[in-house]
Structures are given as C-alpha cells and as structure tokens.
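The same chain A turns up in both complexes below, where it pairs with chain B and then with chain C.
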Partner chain A sequence: MVKEIEILTADDAELMRISREGMLSLSLNEMQTIQAHFGTLERNPTDVEIETIAQTWSEHCVHKTFKSTILYSEEGKAPEQIDGLFSTFIQRATEEIAKPWCVSVFSDNAGIIEFDEQFNLVFKVETHNHPSAIEPYGGAGTGIGGVIRDSLGTGLGAKPILNTDVFCFGMPDTPYTQLPKGTLHPKRVFKGVVAGVRDYGNRMGIPTANGAILFDARYTANPLVFCGNVGLIPRNRCEKSVEPGDLVVAIGGQTGRDGIHGATFSSAELDDTSESLGSVVQIGNPIMEKKIVDALLQARDRNLYRSITDCGAGGFSSAVGEMGEEIGAEVHLERVSLKYEGLAPWEIWLSEAQERMVIAVPPENLDELMEICAAEVVEATVFGTFTDTQRLQVFYEGTIVGDLEMEFLHHGLPMPVKEAVWEPPKHPDMASRDRGIGVENLSYTKDLEQLLASPNIASKESVIRQYDHGVQGGMVINPLVGVENDGPSDACVTTPVLGSRKGVIVANGINPKYSDVDPYLSAAAAIDEALRNVVAVGGTLEKTALLDNFCWGNPDKPDRLGELVRAARACYDIATAYGTPFISGKDSLYNEYRDTTTGEQRAIPSTLLISAICVMPDIQNAVTMDVKTPGNFIYVVGNTYAELGGSHYFNIHGFVGNTAPAIRPGEGKLTMERLSAAINRGWVRSCHDCSEGGIGVAAAEMAFAGGYGMSLRLDGIPTGEDIDADDFLLFSESNSRFLVEIEPQHQQTYQNHMAGIPFGCLGTVSDTSEFVIKGKSGRLIVETSIHTLKSAWQDF
Partner chain B sequence: MAPKALILRTAGTNCDAETDMAFQLAGAETALVHIQHLISDKVNLADYQILAIPGGFSYGDDIAAGILLAVEMKHKLTDALHRFVEDGKLIIGICNGFQVLVRTGLLPGNGASEMAQRATLAMNTSAKFECRWVDLETQESPCVFTTGVKARVYLPVAHAEGRFTAPAKVLSELEANNQVVFRYAENGYPNNPNGSDSDIAGICDATGKIFGLMPHPERFLTKWNHPRWTRNPTNTQENSSEEGDGLVIFKNAVHYAESNLL
Partner chain C sequence: MKNWKVEVYYKPEVPDTVGQGILEDITDLGINGIDAVRTATVYWIEGSFEAETMDRIGTELLADPITQAYAFGTDNDTDTDWTLEVQFKPGVTDAVGDSTVKGITDLGIAGVTAVRTGNKYWFTGTLNTEVLETIAQRLLMNEVIQTFSYQAPKP
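And now, the complex of A and B:
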C-alpha cells in the first residue's frame, strides 16, 4: 500500500525524474533539501511523505514567488533587491494604512473587516484557471465551490452572502484552425465556465451580483476564472485555535480519487497534453456544500468546534497540516469515508474531492455535533486527533505511513532567489494621420457604436440573467440597472442583514490591456477602476478594502517576473495613496501554454484583478448609472489626458500605443472623496465611471440605460494637457474620471462643493432619444439615437 | 397569540431566511424546520397554521425540479399533510416550493384527498435560468394570500423550470374555478420569462388556501429591493412607504390565520 521513494541514493537527474514523473512540481533545490533532511533521518521518505511535502511546498499553497528574494533590474536604474513582493508591497501597504476596521488580514482563509455592531464581513477571491482550461464546467463550478469554502473556513465560519466572478477568455470568433493544439475553443470554455458558476452559485443560494468578462487572444490556451465570495460572520466568531486532544473531524463529501495533484498541477505550465489529465479536475456537488453550510453554521453558533478550515488544494494533507502546524496531529486514514474502495493511503491523504471541511472538535462536543449533522443528513467522520508532538503523523490500518516534523514541513522550504528584469516595450508609433485617428472634424458615430459592440464592452446581460442575483433577499443595486433593467451597473450593493439599511458594495477593476504598455499602470488603473466603481454607487474610500489577484505567466522567466514586480509596486504606491488596504489576495502563476511539438511558448497578458469591498452606512444614499430626468446636467469630473495606450479605441483600430493612462493618486483621491460626499448628500442623480471607451462609452451607457438622449459638447471636458483631437477627448481612458447627472436645483450647490476639483459641464439629458455630441470646434461629431447605440451594445 | 408559520427546509432549500423574514415582518411566529424533524415527529405540523415551502433547489432538483421533496412529503408526511389541508390551514409554495406543490398534486388540487400530479412546471422555453423582474396581473381568485393586492405587481423570478403547463382540461378547470392567481402581464418573452401556458405565474387550489407561484414576493419586502428605486423622484424617496409590494402576500396569510385558524 505504501511505497518508499528512493531518494537517498539519487543523483540530481534522478531527483528531477522523481519530481517530474510523480507530478510533484518540486525544483532541484527543493528535492535536494528533502534528500538532505531524510539523509539525517537515515531513511527514505514514503510516498505519503513526499506527496505531503510537495503539496505544502507548492507555489499554489505557499506562494514562493511572492515570498522569495528578487533581484530586480530596470534600464537606467541601479539593480534592486526585493525581500519578498508580498511583504514589501502588499502587506506593508496594509500595515501602513492601518485601518482600525481591518479585523484579520492575510492570515486566515479570507480577509475580515468590520460591518456593524454584530457582524463582520469576510472576502476572498481565488482563481481556478488550469482546471477550467481542461474541463470548463467542472473547473469553474469547483472554483466557486472552493472560494465559498474559504469563507466558511474563515474564523469559525462565515455565511456566504455574495459571489463575484471575473472571466478572461480567448476571442469568441477564433477560427478553429487557429486553435492551439489540445485547447478548447473559447466559446466552449465561455459556455462551460458560465454554466459551472451558474449551477454552483444558484444551487448554493448565493447571489452572483458582480463580475466582468474580458477577451484577448492570449487567453485562448489559458483562460482565467476568478471566483470570489463575501461572507457574513458574527464578530465573536472570527478567531480560531486548536488544542491537543481536539478531534480531527471531516464534514461533508466522501473522499475519492478526484482532484489528485491539483495543487502541484496548478503550479506548472499547461501544454498540449494537459487535456488528458482529467483526474486533476474535481467534481462539484453544490447541494452537498449547502448542507455543510446549514450544519456548520448551527454548530458554530453553539460553539461546538474550535477551528475550521476547508479542504482545498492538497486535501486533508494541507488542511490537517495547517491546522496542526503549531502543535501536531495524528490521523488514521482508514477511518476516512470513501466514495469507493481501492485508494492508496497517499491518495486518501491528497485527494481534492470537493465539499469537505475539517474541524477541530473538543471530544465533549462530539455527540452534539453528530446530532446536528444527522439532522442535516451530512456525514461527519472522526479520523484523527490533534497532538502536542509537533509532528504530522499519518497512520493506515495501524501502521505509520508518514511521520513529518511540522517544523520541516512548514519552514523547511528553501526560498529561491529569483531574477527579474523590466524593459519597457516599444510599440510601433501610431501612424495616426494615415488611419484617421487623432484627426479633427470626422464623425465618430461609427467608432462609438463599434466600441459598444466590442466584446470587452458589450452587454453581458445574457450571462448575468443566468445568475440568481436576488436570492437571500438583500439586493438593493442590481448588476443590471436602468429603466429597462439592462444598463451596466458600476457595482452591486446588498444588505446582508435583512431589515438593516447598512449595505455592502462589491466592485472590481481589471485592465490587462494596459499591461502591454506597462504593468505598473495596468495595476494602478485596476485599483483606480475598482475604487471608481465603489464611489460611483455611493461608497467611500474611507470604508473600502481591496483584494489582489495576480494571474501571470511563468515567474521563473525574468521578464515575466519583472512585470510582476512593476505591478506589485503599483499596488503599494496606489493603495497607500488612496488609503485602501489589501485584506487578502492570491496569485496564479505559470499561466503559459507550451506546444510540445513546436516548442512555442505563450503567456497570458499580465493580469491583475482588484476586487473592492466597501461598507455603506445607509443604502438610501446609493445611486445608479442610468440617467433619470431630461433637463438635468451632465458633468464630467476629473481631468482628461491624451492617454490612449492600451485603450479600446486604439484596439479597435489595431493599435496598442505607448501612453497608457497614468495614475495621479493625489488628484484621484481628492476627486473621489469630494464626489462621494456629493453623492451622499443627495446632489447626484446618477453617476458612472469612465473606463473602457472613455467618456464616449460612459455617456452612451448612461443615456440608453436611462432611456433618454443627451446633447453634449466636448469643450466642457477639463483636460490636464492640451488636447485638440475630438476622438482623444471622447475615448481617452484617463483614470479617476466620472460622469454625473445633476438636477438644475442642485447645480449651484454641486458646483460650489466641487470647487478645486477639475470638472466641467458637458451638456444635458434630453427628452428625446437623440444622442448628439459636438466636438471642440462646435461641429457635430456624434449623431445617433440611444436605440441604435443600445442595440450595438446588446448585439453580442 | 400570533399565528405560527413553519418554513420547511431540506437539502438545497435556499430562500428560507428571506421567507422567514417575510412572515416575521407580517406578524407570524416562525420556525425554520428541516423535513427530517417533521418525519421524525420532533416537530408537529399540526402546531402550525401556515406551511411555507421556500425556493431553492431541493435535493439539487435531481430528476426534475421539486420532485424528490414532493415524493418525500407525499409518502413520509402523508397523514400530517392531509390533516393540515383538511383543517383549512394555509400553504404557500414559492418557486421551488410551487414546483413541489404541483408535483405533490396539492396544486391545482382537487379536494384534500387527491394527491395526484395534474400539471407541471417544465423547462423554460429559453432553455436557461432566468433572473429578472416581471410584471404580474392579479386575477380575480379565491386566493386568501392576494386579497387587496394591486392589479399589477412587479416581482422577481429566478428559475430554469417555471413553464406552467397542463392538459387543456385542467387549464380550463383552472380558468372556470378562478384558480389562476397571477399572470405574467405581457404576453411573450421576456415578461413571460418561461413560456407558461396562458401566462400563468401562480395558481391556488379551489379553496384559495393553497397557493403556489414562481415569482418571489419574499425578495420584495422593502422599497430598496425594487430594481428601479433609485429612479424615484428624490423628494419623495424619504417620504414614501418603505414597504415592498411583496410583503402584503404574507400579511394576508397572517391576517387570515389570525381571524380563522386560531
């Protein structure tokens, strides 16, 4: 049943063969460290032991890249040593910002912030990229299932109240002939992922009310699936502990051979043979997970257990290993409830079978716990005890099959030193005049329609309607808003405590296209966008926390890692400038595809998702993005610059450009704070952030969502530099800008309030469906109707 | 004494908390009860005046929506359920609960004794889950839950299997007995989100005491749940009633129980 792995006598080549063939994803240095450790013990490791170490040390579980020392070089600058991206840029930002309402950051399965006198909120976003590439439905479903268990495994367990999902796919019109070998068509991935998230989230009864879907050809072989969950937890249930003598109890689904090696699999690149690795993708059962939630929250409220964590990557091995890290644990694998016979001990130990939680139960509480589980028809199995041995001891039918020191398991990993280089890319200079870009006196009606119809901007209603966003009864700002409930809301707002007017805002920001110019600016823009979305519905910077989710290529390659350094540095700079702390985060690296016949290697665009959560004292102050009343004024808030590098306008014309939107956090913070105050005083009827497609797209969306036309003039746009070209004014994607609708009765008050902030009146809401924009010189440059614009936007 | 409402739960029920809240706001004393506790007689159905079967995906909606819970209720709670109906007590099934009531035969119903399925809620004609708000027309009916409900109500639906369909004979009986309680106000997709026969969104039994509907009144308990509340003129926002249009359905049930069942 148990194999000894011969490593004591192995040379380097043999060590690497063992790592590769065992799917361990361990580096040579790591294998040598294991070899040396067992050398002092004068024995070989068992398969249970080496698998346990591989899982615990995997990139997925331990985030080596974010913790290791990086030697960073950038043209024209002295080389720099960074002692851990996480501690230098992410954790330090949170420490310096030091918000008193941060309850728990980076330590538990999710970050915790204060909500009201009774409850806190937990928030976590994860990725499930590799599984979703191979099996989109199962991969995405278990992605959302996994992050829900993160909420449930935080503190002593939070009730899941909201899901957010962000997907990045290849272009939906990719010709089949251009599909990389062994990959699924983006449309099939899209459909499967949406169905997976829909079926899991809906069955769990958790509203899915926020998200985004992006398309780029480079995601074809490596789609990204970000799944997030917000949970509500009583304030006195946020801490966990484990005592020797507590029982190790598994709750939920049975253990099978599914999902073995998920952690190590996701710490490697995909290639054209990955599709045959079916067993690494887990199988989801949302009703099982719902039953666990039902049972555990009752047990939590009766204080029946002291600690809880979910079985995610690495299964029991990492769950028990983490819970017992400080004291020790012994488990008896033959007691585990199995789906079928025939599993080797290491398979039981490593299985990532879904819907399982591990709790630490004082023996005197076991009967009461079992009673609850019986009533909810959920299986609970005692399969071990927490000890004071400082060892992780694994038994199978009375024989010890694994015996590891906690110290070595959790602190024996040699941290690599990695090299990173950043060299700004030079994209071809925009041959603007030849292509009719940046030229005055043209009509931009078609450009506007084309932008609205482009996959990244177009309506996602067909997806959103498949998600139940009303369940739990607390939704107050839906993902779709406006006179026909089909406009794109900037963020969602929900009231997790029924009967209370206290709200939670959830929003996101993501701009991988700017990474092609500079990942620093891409990350900065993602933060700015997430915060804009929060502010646009009535939230404040003061009460906003962030999550960072990095999806990157292979960080062992210095150029990819250089991009990661740029982005992480932006996280520190911008988060501290805005005063918005990170409370949790995750990274998914090695999102690369290798064609084993041609050797061709492709990475995804460096992608940072920023998720924002904000506590709103009174939902009555929320606003939506749809225009409300003809005759109201439309203002633009925040300076526009000629910043179209990586913009959607350049993209539809085939350019990348070299000037991505810069970040001016000082200006941005003042703008957002002042605007938040205006919204919360009731002076703003509608508000929409300017992001993809700039002012042009934002104005069009506000107009057709509200069912009224607009009459606008670009000379009202405040600019931070001289811009002559109407299309630049209209489509630049500069950060920290909003469009707002102001009633005539509040105009003066509003203008006085905004003094000192760049703003300008663009025009008015009209009582017809005509949507017209005059250029700087007064010439009509957009002349269309909201119906035409809306159908372009909806034609996706 | 307040009437007692039992909110039935089982694996996959997920609208129980807001249904519970609705009955509490309406003045009932409520209990969330797992079906296991009814089957094991730990809880006695006879102690309650109102039975609510909330939305969700009971047992994952395996086989078809609501069928397993319906079978369980029919075969494991047979006597208790019969007595509850014979005593003229109230039953409401919302979304998955409606699917359950139809599959038990309690709706459209044919007197208390018959528990045979005579209609069904089939897959939406759009062939997918639909989450959207729809306009409903309130019909003349004996339904005690909808007394005094506005002629037109706006409520959300969220389901994949909501297309009410039945043999012509059953449909004409429903019409003849005024058992149709709510119709989707505008014919055709998307306001009729599922393609139901005769735009049927909710029905009651001939006595009006058993009521099932696909829309979710428990998701519209406050004015802030309305998807367009931000479009109300600002000067009336603070003054207008904070109550959502869904609450009256639960209030009606509680009032009826207060007057007739205590």
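And now, the complex of A and C:
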C-alpha cells in the first residue's frame, strides 16, 4: 500500500518528472533539498512523506512568494532587494500602527480584534478559485464551508455570524466560439458559484450580507471566488496550545478521495486538461458542518479541548502537522473513518474531504466530548497522539509509513530568490467629449444610463435575494436598502450580541481595472474604497481593521511579480497613513490559463480585495445611502481630480487611459474623520461613497434608492485642479469622496464642522421623480427620471 | 435487498420553475425547437423493504404533498419526450443522498443501506442526440463529477 519514491539516485530530469507526474508542484531546488535530506538519512522517502512535504511546502500553505527575497527593478530607479513582501509591507504596517485592540494577527486561522467586554471578533477571507473553475457549485460551496471552518478553528473556536463573498467572472455574453478550450462558460460559472454560496450559507443559518460581483474577459478561464466569514468568540477562548499526550481527534465528515492534491493543484496554472482533474473536486455538506459547529461550541464552553484547527488544503497532513509543529505527533491512519474502502495511506492523509476539524483533547476529557458528539450526531474519531518527539510519525496498520522531523518539514524549505520588474504601461488616452463640434447639444444622459446598466455597476439584486441576510436576527443595514429595499448599500451593519447596541460593519474594496494603469493605485484605491464604505454607514477609521486577498498571475514571471510588489507597497503606504492595520490575509497566485495546443498564456487582471471590519459603538448612528426627504441639500465631500484612467466611463467608450485615481491619504484621512464625526452627531441623513462611475452614478443611486429626484449643478463640485469638462467632473473616480444629504436646519452647523475640508453643495433632493444635472456653464447635461435610471440599473 | 428508483416531480398543475429556467438557458445557447422542459429529482434507494414502505418514504419524506408527486417501480416517461438522466460518479460525495438515509431512518424505517441522488429531465419538442448532448454538457451536468444517459422518444 505504501510506495517508496526512488529519489536518491535520480538526476535533475528524473526529480522534475517525479514532481510533475505526482502533481507535487515542487521546484527543482525543492526536490534537490528533499533528495539531500533523505541522502543524509540514507533512505528514500515513502509516498506519504513526499506528499506531506509537497503539501507543507506548497505555495498555498506556506506562501513562498510573499516570504521570498525579491530583486525588484523599476524604470529610472535603483534596483532594490525586498526581504519578503509579507514582512516588509503587510506585517510591518500592522506593527507600526500598533492598535491595542488587535488581539491576534497573522498567527491563527483568522485575525482577532476586540469587540466588547465579553467577546472578540474573528475575520478571515479565503479564495477558492481553482476548484470553482472546475466545478462552480461544489467549489464555491466548499469555499464558504472552508472559511467558516477557519473561524471555527481560530482560538478555541468562534461562532460564525456573517458571510461575505466577492466574485470575478468572465463576461456573461461571451460567445461559445470564443470560450477557451476546456473552460466552462462564465454564465455557468456565475450561476453555479452563486448557488453554491447560497446553499451553504443559508443551510448553515449564517447571513450572507456583503459582497461584490465583477466582470472582465480575463476572468473567463480563471474566475475568482472570495469567501469571508466573521465569527464571535469569548475573550477567554482566543488562545490555544497543545501538550504531549493530548489525543488527536477528528470531528465531522468521513474521509474519501475528495480533493486530493488541492494544495498543490492551486499552486499551479490551469490548462485545458484541468477540467478532467476529477479527484480535486470537493463537494460540500452544510448540514454536517452545522452539526460540527453545534458540537464544538458546547465542547469549547466546557473546556474539553486545548487546541483546534480545520482540515483545509492538505487535509490531516496539514492540520496535524501544524498543530504538532512545536512538539511532535503520531497518527494511525487505519483508525480514520472512511467513506469507502481502498484508499492508500497517503490518500487518507492528504484527502481534502470537507467538514472535518482536528482537536487536541486531554485523555481525561474524551468521554465527555464523545457524549456531546453522540448527542449532536457527529462522528468523532481518535486517530493519534501528540508527542514530545519533534517528529511527525505516520503509521498504517502497525507499520510506520512516514517519519519526518518537524524541523525539516516546517523549516527545511529553501526560499527562492525571485526577480520582479515593473514597467508603467501606456494606453491610448480619451479626450473629454466636452470639446469639439456639436458640444452645445451634448447630453450625458445616455452615458449615465449606460454606466448604470454596465455589468460591474448594475444591480446584483437577483443574486443578493438568493442569500439569507436576516438569519440570526442582528442585521441593522442590509445589502439592499432604500424605500423599496433595492438600493445598493455601501456596507452591512449587524449586532452580533442581540440586545446590545454595539455593531459590526463589514465592507470591501476592489478595483482591478486600475491595475491596468498601475497596481499601486489599484491597491491604494481598494483600501480607500473599503474605508469609504465603512465611513459611509457610520463607522470610523479608528476602529477599522483590514484583510488583504491578493489574486495574481504566475509570480515566477518577473512582470507579474513586479505588479505584486507595487500593490504590496501600496498596502503598507496607505494602511499606515490611514492607521488601519491588517489582521489577516491570503494570496492565490498562478491564476493563469495555458492553452496546451496554441501555447497561449493569459493571466487575470492583478486583483486585490480589501475587506474591512469596524466596531461601531452605537448602531443607532448608522445611516443608509438612499435620500430621505425632498428639500434636503446634497453635498460633495472631497476633491475631484481629472482621474479617469481605468474608469468605467472610459471603459464604456473603449478606453483604459493613463491617469488612474491617485491616492492622497493625508487629505483622505482628514475628510473621512470629519465626515465620521458629522454622521455620528446625526447631521447626515444619507451618505454614499463615490466609486465606479463617480459622482454621476453615486447621485443617481441615492436618488432612485430613496424614490426622489434631484436637481444638481456641477459647479458646486470642489476640485483639486482646474477641470472644465463636464463629463470628467461627473464621471471621474477620484478617491476619498462622498455624497451626503443634509437637512436645511443642520446646514450651517454642518458647514462649520466641515471647515477646512473640501466640500461643496451640489443641489437638492426634489419632490418629483426628475433627475437633472446642469453642467459648469449652466447648460442641462443630464435630464431624465429616477424611474428610467433605476430600470437601466436593474436591467441586468 | 432491493434497489428502488424513485422520481419526484411537480404535479402537472404546478409550474415547474426549474424546468422553465432551463428552457430559458437553452434558448440562450441559441438552441430552438424545444417547447417544454420538466424536471425530477431521482433517488436510487437500496434497502430491504417493500412497496408499502416505499410509499411512506415517498409521501412523508421525498415529495412535497401539495406541489409534488412521486413514482417508483415505473418510469414517469411519455412516448413523445426525450429523457435525460444525470447522476454522480461513484465515490463523489452525495450530501443529499446521505441526508436521505438519515431521513428514512428517522421515520423509524430500518434496512436502508444507501441512497444516491440524481436529476431527470423530459424535453418536449424537436431534438436530436447531438443537441441533447450539448444541452447536457453545457447546462445540466459536469463531467468531472457526473455521468449522463438519455433516451429518444419511442418511434
């Protein structure tokens, strides 16, 4: 049942053949390191051992790219050596910001921050891209299932209270003839992914309350599925430890051949044969996971176990290997509960069968644990013991089939040195349509309607309605708000402790289109957008933490890695400027597609998702984005610049441009802080951030969500530079801007409060359905009704 | 030990919204000529019980008595429709099947050893095998985890 892998005598070509054919995704340097290690032991590794090493050393589990040394060069600048993107840009930002309310960052399965006297919050966002490309329903469902287990595996276990999800798909109207070989149609992926997330979240009784859906042709072969979960954990259950003698106990589902090689598979590029990789597919069972949560939270409250982790990528190998890293562990694979016979020992060890957790149980607590599990109808199996040998020892039917030193397993990986280059791209620029012939009759009504109907901006109600966002009873601001409950909320607000007025805000920011101009600006804009969304519903920068999720192309290629360096650097610069620490993150690299017949290679747009979580002292200060009362004033807060590179306005006219929104965190921080204070003092009736489609789209959304028209003039817009063009004023996507609604009685107080911050009155809410905008010269440039705008927005 | 095959489908007077959605998706593919699609969930139940017990399982567990009907022992096919059946490949986790085992046991019925689930579709209209395979592969099944089989109308 156990094979010896002949590597001692292998030459380099043979080593690479073993790696490739075994789907190990190990580089030559890594194979040579393994060869040298076993050379000193004077024996070959078993399949169990080499699989364990491949899993532990996979990009997915150890994040080599973010830890390795990078030699970075950029036109006109001296080459630079970066000793780890993670420690240089992400971790350092958090250390320097040093928020006292950060309880645990980057060390556990999720980040932990303080909530109230009794509880802390945990937050984690994961990706499940490769599995969702192959089997959308199962892949997305197990993505959400996996991130819920991350919360459950943090500290001694958090109760899942909220799911978030962000998807990136190919264009829904892609013709079948243009579909890359071996890939599923974007529509099919879309439907399957949404159904997978829906069925898992709803069936577990967890609200899915925040998210986004983006479209770009380059996601066709590599869709992105980000799944996040927030959990609530008692403050005295946030630490874990393992003692020698503790039992290794598996809780939950049985082990089958599901998802073998998931960790190594996700560290490789997809090609047109990937569709046939049946064994990597995982199928979820939310009912099973709900039972595990119920059983484990009882066991946690009775202190029955000392440590817990989830079985994600790499299965038992990863879970037991990590838990026993400091001390050692021995396991007996024949004791594992199997779905069916015939699994080889390495398959049992590596299987990524879903809905399994591993806990470390002191032997005296075993009976009580087993009683709870029996009562909840959850299978629990003792299959090993934590030891003090500093070794990971794997037995099958009494024979040792794997025996690895923890030191080599966890610290033996040779870190590569990688090269990165960044060259700013040049795109054709688009001129304002305000100049030239026929300008006097120019109207932007159609542009506005076209923007509202474009897939990235249009209403996602048909998706959001499939998710339960009311379950658990704490939702304060739903994803859909307004007079008819169908306007796009900036962020969700929930009260996890019913009866308390303390709330949690969850928001996100993502802007891959700016990556086409500069990934630095894309990352900066993602942070700014996530924070704007938090502030818009009543949150503060002071109490906000961030998560980063990088989805990138192949980092072994210097240009892709150069983009990653740019984005990571922005994370440091902007997070420190705003004082918002990163508490957790994840990366999914190698999102590329290779056509094996044509050799064509295509990467996704460099995509950074920033998720924000904010603790709100009093949910009664929360505001929504829909306008409330005719006669109220609409103000713009924050300067507008002529920044349309990567904007949706350029996009609908077929341009990318070169001037993506710059980031001015000094200005932005001051604006957000002052606005937060105004909202928390009750002077703001509604607030919406300006993002995709700029002021034009934001104003339209506020108006039709509230059911009232608006009468606006662009000369009220504060600008950071001279802008004459009405279309640029209307559709520029500059950062750190908001639209707010102020009652006449608060106008003076509000204006005094905002002194020193760029702001201007744009117009008023009207008591008709007319939506009109006058340009700088006073000419009518948009003339339509909120009903026309709303139906354009909903026609997706 | 007996193998039962149970089809659970909407009563004729109840709109089959799943089927209607599939029909729209088929039109989206650029395929015309199909007039209606009906759907059913199929349960392959392995257990040592008789027809009366199967009736109880059908009534109390598998079919919604208001909107759905069930059939076992015979297929609910017509002579004029194309039929397509999709099922999981062996070894693929079937969460609904596992829950059904528990559901049957919870009814106090002993002797169920395994349940696998799948889907069945009836197509009314003009169709040929090539088109049916396209519909199956693009919309209704994923070859990574499922297999399908189909039958043409009786001549």
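Going forward, the second predicted complex is superposed on the first by the 784 of 796 C-alpha atoms of A that agree within 3 Å, B and C clash if a C-alpha of one lies under 4 Å from a C-alpha of the other, contacts with A are read in each partner's own complex, and residues count from 1 in each chain.
Simple rule for what comes next: a residue touches a chain if its C-beta (ideal position, glycine included) is under 8 Å from a C-beta of that chain, and two chains touch if they have at least 3 such contacts.
Keep in mind that what you see is a predicted model, and the values were worked out from it rather than measured.
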| item | value |
| --- | --- |
| Touched partner set for A:N508, first chain B, second chain C, both or neither | neither |
| Touching partner for A:R257 - first (chain B), second (chain C), both, neither | second |
| Chain B versus chain C as contact partner of A:M475, first or second or both or neither | first |
| Chain B versus chain C as contact partner of A:I287, first or second or both or neither | both |
| Superposition-derived comparison: chain B or chain C, residues of chain A touched | B |
| Partner chain(s) touched by A:S734 [first = chain B, second = chain C, both, neither] | neither |
| First, second, both or neither for A:R465, with chain B first and chain C second | first |
| First, second, both or neither for A:T494, with chain B first and chain C second | neither |
| Partner chain in contact with A:N365 - chain B first, chain C second, else both or neither | neither |
| Where chain A meets both chain C and chain B, residue numbers | 285-287, 377 |
| Chain A to chain C touching residues, read off their complex | 134-135, 138, 176, 184-185, 187-188, 256-258, 275-278, 281-288, 339-340, 353-354, 377 |
| Chain B residues touching chain A - in the complex, by the definition given at the top | 9, 11-15, 17-18, 21, 25, 34, 36-37, 55-57, 59-61, 128-133, 156, 158, 216, 218-219, 221, 224-225, 227-231, 234, 237-238 |
| Complex interface listing, chain A residues touching chain B | 198, 202-205, 285-287, 290-291, 294, 375-377, 464-478, 480-483, 485, 495, 498-499, 501, 619-620, 622-624, 626, 628, 682, 685-686, 743 |
| Touching residues on chain C, where the partner in the complex is chain A | 25, 28-29, 89, 91-95, 98-99, 102, 138-139, 142-145 |
